[in-house]
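I am attaching a structure below and will ask some questions about it afterwards.
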Amino acid sequence: MLNLSRETYLNIFISLGLLVFPFIATAMDEPFYITLATRVAILSLAAVGLNLALGTGGLVSFGHAAFFGIGGYAMGILASHAQTYTPIFTWPFVIEGTNQMLIIWLVAIVMSGIAALFIGLLSLRTSGVYFIMITLAFAQMIYYFMISWPTYGGEDGLSIYVRNQFPGVNTLDPASFFYICLVLMFAGLGLSAMIKNSRFGAALQAARQNEERLAATGIRPFNIKLTAFVISGMITGLAGALMADLNRFISPSMLSWHMSGEIMVLVILGGVGRLYGPVVGALIYIIFEFIFGGMTDYWQFYLGLILLGVVLFARGGAIGLLAGKARHD
Amino acid sequence: MSTTLLFEQLLNGLQYGVTLFLMAAGLTLVFGVMGLINLAHGSLYMIGAFACAAVAAATGSFWLGLVASIVAAGFAGVLIEMLVIRRLYDRDHLDQVLATFALILILSEGCRMVFGSFPLYLDTPDFLSGPVTLFGGFQYSAYRLAIILVGGLVALGLYLLITKTRLGIRIRAGEADREMIAALGVNIGTLYTIVFAIGAALAGFAGAMMGAIQSVQVGMGEPVLILAFVVIVIGGIGSIKGALIGSILVGVVDTLGRVTLPGFFNLFMDTAAANSVGAALSSMSIYVLMAIILIFKPEGLVSNNA
Amino acid sequence: MTNQPILQIQNLNKSFGALTATDDVTLDLKRGEIHALIGPNGAGKSTLIKQICGQLSSDSGKVIFNGRDLAGMDMAERAKAGLGRTFQVSSLVMEFSALRNVMLAVQSKLGTSYRFFKNVRGDKSLTEPAMAALKRVNLEERADVMTAELSHGERRQLEIAMALALDPKAFLLDEPMAGMGPEGSKKLIGFLDDLRHEAPILLIEHDMDAVFSLADRISVLVYGRVIATGSVDDIRNNPAVREAYLGSAA
Amino acid sequence: MSNILLSIKDIEVFYGPSQALFGVSLEVKEGEVVALMGRNGMGKTTTIRTLCKMSKPTKGDIHFDGTLVNKMPSHKVAKLGVGLVPEGRRCFANLTVEENLVAAQRDGEWTLEKVYQLFPRLEERKDQLANTLSGGEQQMLAIGRALTTNPKLLVLDEATEGLAPVIREEIWRAVKALKAQGQSILIVDKSLSELLPIADHCVILERGETVWTGTPDALTDDLADRYLGV
Amino acid sequence: EGAKIGMITTLSGGGAGLGVDVRDGFMLAIEQAGRDDVEVVIEDDARKPDLAVQIADKMIQSEKVDILTGIIWSNLAMAVIPSAVAQGKIYVSPNAGPSALAGKGCNANYFNVAWQNDNLHEAMGAYANVAEYTNTFILAPNYPAGQDALNGFKREYRGQLAGEVFTKLGATDYAAEIAQIRDSGADSVFFFLPGGMGIAFMKQYAASGVDLPVMGPAFSFDQGILGAVGDAALGVRNSSQWSKDIDNETNNAFVTSFQEKYERLPSLYASQGFDAANLILSALDKADVKDTEAFSAALKEADFKSTRGDFKFGNNNHPIQDIYVREVVKEGDVLTNKILGLALTDHQDAYAEDCPLQ
């Protein structure tokens, strides 16, 4: 008999639920539910990225919208050039746009990784609240930069009229695109689970709790944290590219502090540092928005009450409520 | 730029800074002392403005409105502290972020339920509503000048309160070790409620003062909140002096950026493009300022208490 | 060759504003010895340790370790170079079990902190050496207890276990006896007595029973200056030291 | 016969799910010095934390100065007259020495001047921030800080830890002087040679339980070996 | 035949007043029509483009609406409309009219019942010439409608510019801009600042002691703004395609019934909402909404009674209409606008010729 914790059962249940969801939605003749589920998967992935930095590494980044947005713009820029058949630049060599998801993802991951490296290098000199704020600062800079850059729509954003392509899959079919996103979400979850239990993960958790000790044992906390921050940014960047593809629209609001806050709320709502915390957070948020948003103008009032209830009475987020305290080794 | 323009812009920056200071002071106290990230601080600003507008409309007196703003925001602060915040002190920052984010939603939407979505009317008192002539015929809004003076007085008062009184010492002691100061016989619960209420009242006061020159509407606190955070981080968390320096720095940089950058870009761009690039970059400027300060002084400008 | 000191501290200085915490300190640590560093509270002993292991930067002076000048190296690099230290106030990873704290030191020693995939739990190359280190400080029974739940004294033991697991070339121990009960102190004395043969120890301690029974040499720091270095007897009988530090403990 | 100042009866305490105290009892009479002893991790600090209401007992009673304090918050117990010098000092890091001393000051004979007399070192450093003090200086500060609350019962948890012998002597001298003035004291310390001569009573804990109570003379080598390992 | 209409509009935040007015005007018309086969679903976009995009998706996929409407802000419009019409939905704009959708980007399924963004500003530019201003300082928020606004003004205005400034959308403090105005040597100020922005600007302007005449589109002086600004707005000139004192049957009935129902005066936004609903209703009488082509043809006929009197669509599905100059006056205790005269007659926007539609 396997000795699985309640949390594991919960995780399995959610995963299966998501896997069969398109069939349910189709049976109910509600294709829009698939779009909602896709949004859950994408936001989850974004939050999985943040959770690695924030939950495991204690790096409370209030600027992850930067990576989310960079991922989004990677898609927007490449696809818009592909859409108009104009190269992105021609000098010193020619770079063309593309509508291939695989290439877009790669670019999104690389670009957000580079941004995370740069932001991390400068930000990780600070800690605590100062870190929160300096990451916010960098995200805001990128936000305002995109606003001021008219080539890609400035403040108004950029519409892409058709979804990008994935070899062998009809991405315009909502269910197919959903499964693409879901697979990536699972990949993100798997990766972050492995990292957490690895030697790197041990060092990262130690860096969160006691940097001085980590340094005194001979591991440089800065490098550990920077690595984690970059991986985290790359995951969130990928999610950004997917989100752009889902909406077929990108704008600087993907880069705004509201977005950073929202990703963070998802993580905390679900349960910081819990593997499925981001997924549960995204599920609750989207379901709530959908159900109550339709019922009352003041739905955010009730959302506020629920969030408050979760914090006050469910320590460790919704997962903490459903599956009990995190197990420490 | 002519010197009178420069001077006027400096005054504007100063006035903006002083307003930010009123917000930032409460935030930095609550944050520094109780270790609490209070995102709902902006909502208290909004509550102050609404209270002032409502009372001023009912009684016709701006001054009563101003008193109401302090009372209402302070009272809301006490209530919030006792019902919610109190349970969050020993939680980590993230729970606080989520809870106070929830409070924003509740307070904003609650306010909208009560007052509706339209901006409220709030006018400055008559004798401050016009311009004053300073020197050499230079005119400036009397009301803004009054804000600068009042803000300066509040800053001084707060500084003395925190550094020179036993209350201030205890507040800071609680900042270092809450459990220990309680074990020495100080009622930390009440102390925190007081601090929170002071912060809330200051925010409400700021909201009322600004409400009279801007507009009173739901969500008005949020942009100010983010800037107030920028301010306290630049200044060094928990430091009243830092908050003051940070506020004025942010106020002046923001104001000057807004007027000089578009002109600068206009030198080599057409007006519309220069305007939009300049405007965006000037919004960026305070974040650049913050990043630079934190890179060189990771604990802010004034890194310990006072 | 063997008697070439492993650690040489040359003219080290550190001031905090107007206060000179360490003032032109020169001393060394030879292989196989315990060199005790004593002195009144606030004399600068911990400051010196921090300077040696890179937690504080020095105003001037040199630290030469194992033939290498440590200038420009940060704390982690110096730890890797073989300086194993304990903190005066325990500094541990509180949400890790005792064992995982020590495993961290083991993985650092193995230089494998950038492995992302293998699960550390049940990874024998980490757990076995870590367990061994815990055993040496008699903490093996508490291996799976979270550090936050350990008592003060147990945390002190864990500090030492972590230093051991690094297998350092020299130990810098800042008041290891502090917080250990009488029994614990006794055991620790016996343990350090043997440990010096694995790697020499620079020992800060206010427990004079421990210092007098363990030290090969003693240096006395007062107001940041080394006022005397010598054998146990030299120091015990040094009137300046008696007055500044020992009192009737001599 | 003097009054009972503190009486702890059969308290049990948990840290989360794990139980730390299983039945600790002790008494301190007015003017008495009581030594609380036991090996590492046996529950001495937890007993003290519970007395100061930093931890809550799930069972048992604590009476201080005639009042049942089980349900009282920390600060009220302190105001009744419990002055704590905690394990690990816990000075207010961001306050100066002098601010630390006045933060919780209450009227009584222990004034700032008297504390400075007891520890001249503190006066020298009175404007320095506490987090930059050396360990020993911090220890003095912690004692001074407890004294300025003018407690009826002074509680010292490892107050001489990490102190230089001369200072330690000073502190023991101070403790003796306090005792001579009739100050009641509950004390945890590992150096028995200094502790036993001034203690009126000893209480020994093992695994969270009171296992022995008696006068220092009654503490035979045998008992000491069994419970304290010396 | 019945229809399902999805309204995405701004009901919270700084721009909420506008959305509320559009919604109320729209619903008033639906109610008056008394049809129970027309269903309207309304959602708040909070002035966030990404939110608007998501709501549009939901309305199209889940609510399966036939017609979309309601968007106030051009930046949101640009995010939603192109993809909605590409999916074969009809979009009827009661407000936002960005230039990008009026020229080359026009679409047979996209109609604007209000105006093309530039229109009112063009009228004000024309008025500035009449008023003989020669050195005007112009000001607008930095977003598509703001750029359209200044372009519109400059298109007609013949004098010089004392300064041209873009502010942040949603900004509430204009001290810096007012200082620039003071220093610029201008003889007049033109500003486009809708909603809360306009309130803040006017109050601060009044307190600053700068006493140059100000003018602007009706957006800067609508009914919602006037009350908050107070007497400082008295006498200010502004341009509008609608005013409550336009004297025709539809309008009089509209103003009375709106006031009765909502206990406040209608603004131009309310009239636009009202007109949008009536336009849709008129087309529903003629064609099946599922037959997109027939339905858009029916819309294009604009066979409804507009509150503005004459109303027709140009080739690009934007109005060709009269634009008035109004003055802020006091009626009893209430500040409101009164028509002074016509600024532009049968005016069509400048982008229409680029539009391939007939």
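Letters A, B, C, D and E mark the chains as written, and numbering starts fresh at 1 in each.
The definition used in the following text is that a residue touches a chain if its C-beta (ideal position, glycine included) is under 8 Å from a C-beta of that chain, and two chains touch if they have at least 3 such contacts.
Quantities reported herein were computed from a predicted structural model and do not represent experimental measurements.
A.B. asks: Show me the overlap between the contact partners of chain B and those of chain D.
C.D. replies: Chains that touch both chain B and chain D, as defined above, do not exist here.
A.B. asks: With a step meaning a move to a chain it touches, how many steps does the shortest path from chain D to chain E take?
C.D. replies: Minimum step count, chain D to chain E: 2.
A.B. asks: Let me have the rounded angstrom distance from the C-alpha centre of chain C over to the C-alpha centre of chain D, please.
C.D. replies: 29
A.B. asks: Measuring from the mean C-alpha position of chain A to the mean C-alpha position of chain B, what distance in angstrom results?
C.D. replies: Centres of chain A and chain B (C-alpha means) sit 31 Å apart.
A.B. asks: Can you compute the centre-to-centre distance for chain A and chain D, using the mean CA position of each chain? Integer Å is fine.
C.D. replies: 51
A.B. asks: Based only on mean CA positions, could you tell me how far chain A sits from chain E in angstrom?
C.D. replies: That pair's centroid distance is 37 Å.
A.B. asks: Scan chain B for residues touching two or more other chains and write them down.
C.D. replies: Answer for chain B, listing residues that touch two or more other chains: 112, 276, 279-280, 283.
A.B. asks: List, in ascending order, every residue of chain E touching at least 2 other chains.
C.D. replies: Residue numbers touching two or more other chains: 11-12, 142.
A.B. asks: Pull out all the chain pairs that touch, please.
C.D. replies: A-B, A-C, A-E, B-D, B-E, C-D
A.B. asks: For the complex, which residues does chain D have touching chain B?
C.D. replies: Listed in rising order, the residues are 52-54, 73-76, 78-79, 83-84, 86, 90, 92-95, 99-100, 102-104, 106, 129, 145-146, 149.
A.B. asks: Touching residues of chain B toward chain D in the complex: what are they?
C.D. replies: Where chain B meets chain D, its residues are 166, 169-170, 172-173, 175-177, 179-189, 238, 304-305.
A.B. asks: So in the complex, the part of chain E that touches chain B is made up of which residues?
C.D. replies: Residue list for chain E touching chain B: 11-14, 16-17, 19-20, 142, 147, 150, 164-168, 170, 172-173, 175-177, 179-180, 182-183, 195-196, 199-200, 203-204, 206-209, 224, 227-228, 230.
A.B. asks: Using the touch definition from the top, list the residues of chain B that touch chain A in their complex.
C.D. replies: Going by the criterion above, the answer is residues 31, 37, 84, 87-88, 91-95, 97-99, 101-106, 108-110, 112-113, 226, 229-230, 233, 237, 273, 276-277, 279-281, 283-284, 287-288, 290-291, 294-295, 298-300.
A.B. asks: In their complex, what parts of chain D are in touch with chain C?
C.D. replies: Within the complex, chain D contacts chain C at residues 15, 18, 38-42, 45, 87-88, 121, 132-137, 139, 158, 161-169, 190-192, 228-230.
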